[in-house]
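Both of the next two complexes hold chain A, though its partner changes from chain B to chain C.
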Partner chain A sequence: MEKKKYQDIVKKYTPQEDRTYHGIVAFVIGGVMGVLGQLLLDLYANWFHLPTTDAAPFMIITLIFFASLFTSLGFFDKWVAWAKAGLIIPITGFAHSMMSAALEYKKEGFVTGIGANMFKLAGTVIIFGVVSSYLFGFIRLVIFGG
Partner chain B sequence: METFFYKNVYLNETSTVAGLYEKNGPLGHYFDKTYDEFYFNEKTWEQAESKLIEESIDIVLRKLNKTRFDIDVHISGDLLNQIVASNYAASRLRIPFLGIYNACATSVEGMIIGANMIEGKLIHNCLVTTSSHNNAAEKQFRYPVEYGAVKKKTTTFTVTGGACAYLSNEKSMIKIDSATIGTVEDMDIKDSMNMGAVMTPAAASTIYKHLKNTKRDIRYYDLILTGDLGTYGEKMLKEYMELEYRIPLKNYKDAGTIIYDLDTQPVFAGGSGPACAPLVTFSYILEQMRKKELKHVLVVATGALFSSTMTNQKLSIPSIAHAISLEVVK
Partner chain C sequence: MMLYVNSFLFAGFICLLAQIILDNTKLTPGHVTTIFVVVGAFLDTFCIYDKIILHVGGGALVPITSFGHLLIHGALARAHDFGIMGLLMGMFDLTASGIIAAIVFSFFFSLIFKAKD
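== the complex of A and B ==
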């Protein structure tokens, strides 16, 4: 059979993913995460009498802490599998990816296991985050003069 | 010469050890031993998988009332890098050992190698083992287990289990009748989340060659069992056989769809892994053969020869399938 003809068969029997449903779930959960972040931000700003910019790290740390804790307790993966991008895109996804990799490799030692594998998934985010922020910073400098 | 006929090779005894999801599946009560968790009192998943092989051998030897000194050759393979589960089990058993790899087609590959040696009178008997472990496979091939990575509907779920077969020249009810070695097929499928589509061409080509070389009609077999194509692969294979070879697939099932309850268990398109085909064959199918409900069964174990290194290099995934024909005698 020709490859093209076979690929048509594959296409015919490969089911469509429920993109609209997944999109709505991710949108709502992602939105809830945003609201939660804003709520924490306002709370910290009020409690500690801080300007919002200084309260932001506290909010981020709180979200990272709870995502990592829930991952370690073993149920955050089920939430992620359901909410998908809704939990992966916010900072919770970043923390979760590091914590899950660390848990996975802890039996292979501190250095050769956790150290070498913790950034297996998050490493890409960091690298391209830094590269793109440099790039956009540079563009901003050229166009707007800083 | 891809098909062999055997005059004097028998499948005397088998054993199956399975994990939690398989226990909760429809075939749960057919397995010799099952576990409720994923470590089996070992420290890591890899070591747990190795234990599955050791235990499956223990159970077979106990059933046969033999010791490891009575076994001529041990043939084993699994999904882990460097087939470590087999190697570490073999290092403790110290039976003359052949390590093999054909991904999820390993079980039948091992049976063919063993049967050929027995038919050639080089050995009297052999043990063929295969294993797979869901978490160990996820860790090696995909994402960390606790990450809960997003999956497509066509993804298959690696079976946790170990299976052992004792083949010999001593007469028994189940005879190994013939076997066909498959060729590696590649239809340019690159989606590692759709292994059914990857393996279908290999399964089709092996089934076709087997029927052609044995001059048998498809209806000769009471059951044709593929290894782990999953629900969507099943449909693709039927259409492929019909279009390419004009053979309507009758009496056909896929082990990956039998081992789990696809409606209630979170397994997507069904089971997969080297242990999938033998777990189903050595428990449920052999039971039916012993009751003479099935007399001629063709087991076609299918393997996706997948490596994330090669798919990251944008190469497609090659696949293989081997067929072995079992029949009831007496």
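== the complex of A and C ==
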């Protein structure tokens, strides 16, 4: 009886996560990032007279630059905490994870700190991306002929 | 103009999907980004992601799924010329700009700025 009462009280005071709100925020912010990407693609294609496919690296570098800069200035963490998947899933999340690892381990020195820990969070993305691409690439090469 | 609407809807949909996974399971953001990269590479086994990019444009290039797509395409471009060994040669060809930019900017910004907490 005591235990049940206790659990009820705990349940009452656990902060309720509003999943609908989180979902809407992630959808809108993610969508805005997508529009931003398309906008930058068009801008670079016009400025440098590039075909749109060649402007893609320019766009990705720009997004990574601003994500790294805003993270090191300190306020991007708050944005990520608010928008969650809306900023983690775009390429900004990749840059944010590397930048925050570099900043956090800076005090442990250049080699053992920044060098050893920069890929601590982003490394899984690269490793599983490479392994799965190798497997799927192999399948596509053997079955569909490339 | 249609590309902008599609970009918004597609990128938003990917992020919404990730947020639903995050909220309803015990997976961390690291797990979710990894899953999405693998899904991006998987979709390109059947040329699906190429078609998505044709219709959606920038909105399909911004989410991390495009990372898997670029990895497999770099590998296949070399495999086209060199056969099975080519799979190991060109994987970073297309993603190099993103990875190198992230490393260089992170390194130099970490020299200039301090961690704030």
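Everything that follows uses one rule, which is that the second predicted complex is superposed on the first by the 130 of 146 C-alpha atoms of A that agree within 3 Å, B and C clash if a C-alpha of one lies under 4 Å from a C-alpha of the other, contacts with A are read in each partner's own complex, and residues count from 1 in each chain.
Just so it is clear, a contact is a pair of C-beta atoms (placed from the backbone, for glycine too) under 8 Å apart; a residue touches a chain by one contact, two chains touch by 3 or more.
Predicted model, so just to flag it, every value in this text is computed and none were measured.
Colleague: Please indicate which partner A:Val10 is in contact with in the superposed arrangement: first for chain B, second for chain C, both, or neither.
Modeller: first
Colleague: Per the contact definition in the header, classify A:Glu104: touching chain B only (first), chain C only (second), both, or neither.
Modeller: Once the two structures are laid over each other on A, A:Glu104 reaches both partners.
Colleague: Does the superposition put A:Leu121 against chain B (first), chain C (second), both, or neither?
Modeller: both
Colleague: May I ask you to name which of chain B and chain C touches more residues of chain A?
Modeller: Touching more of chain A: C.
Colleague: What is the contact status of A:Lys78 with respect to chain B (first) and chain C (second): first, second, both, or neither?
Modeller: first
Colleague: For chain A, which residues lie in the overlap of the chain B contacts and the chain C contacts?
Modeller: Shared contact residues on chain A: 17, 71, 74, 84, 88, 99-101, 103-104, 107, 121.
Colleague: In their complex, what parts of chain C are in touch with chain A?
Modeller: 3-4, 7-16, 18-20, 22-24, 29-30, 32-34, 36-38, 41-42, 44-45, 56-64, 66-68, 71-72, 75-76, 79-80, 84, 87-88, 91, 97-99, 101-103, 105-107, 109-110, 112-116
Colleague: State the interface residues of chain B toward chain A in the complex, per the touch definition above.
Modeller: Touch list, chain B to chain A: 43-44, 139, 143-154, 187-189, 194, 197, 200-201, 232, 235-236, 239-240, 243-244.
Colleague: So in the complex, the part of chain A that touches chain C is made up of which residues?
Modeller: Touching chain C from chain A are residues 17, 19, 22-23, 25-41, 52, 56-57, 59-61, 63-65, 68-69, 71-74, 84-86, 88-91, 93-95, 98-104, 106-107, 114, 118, 121-122, 124-126, 128-130, 132-134, 136-141, 146.
Colleague: Which residues of chain A touch chain B in the complex?
Modeller: That would be residues 1, 3, 5-7, 9-10, 12-15, 17, 71, 74, 76-81, 84, 88, 96-97, 99-101, 103-105, 107, 120-121 of chain A.
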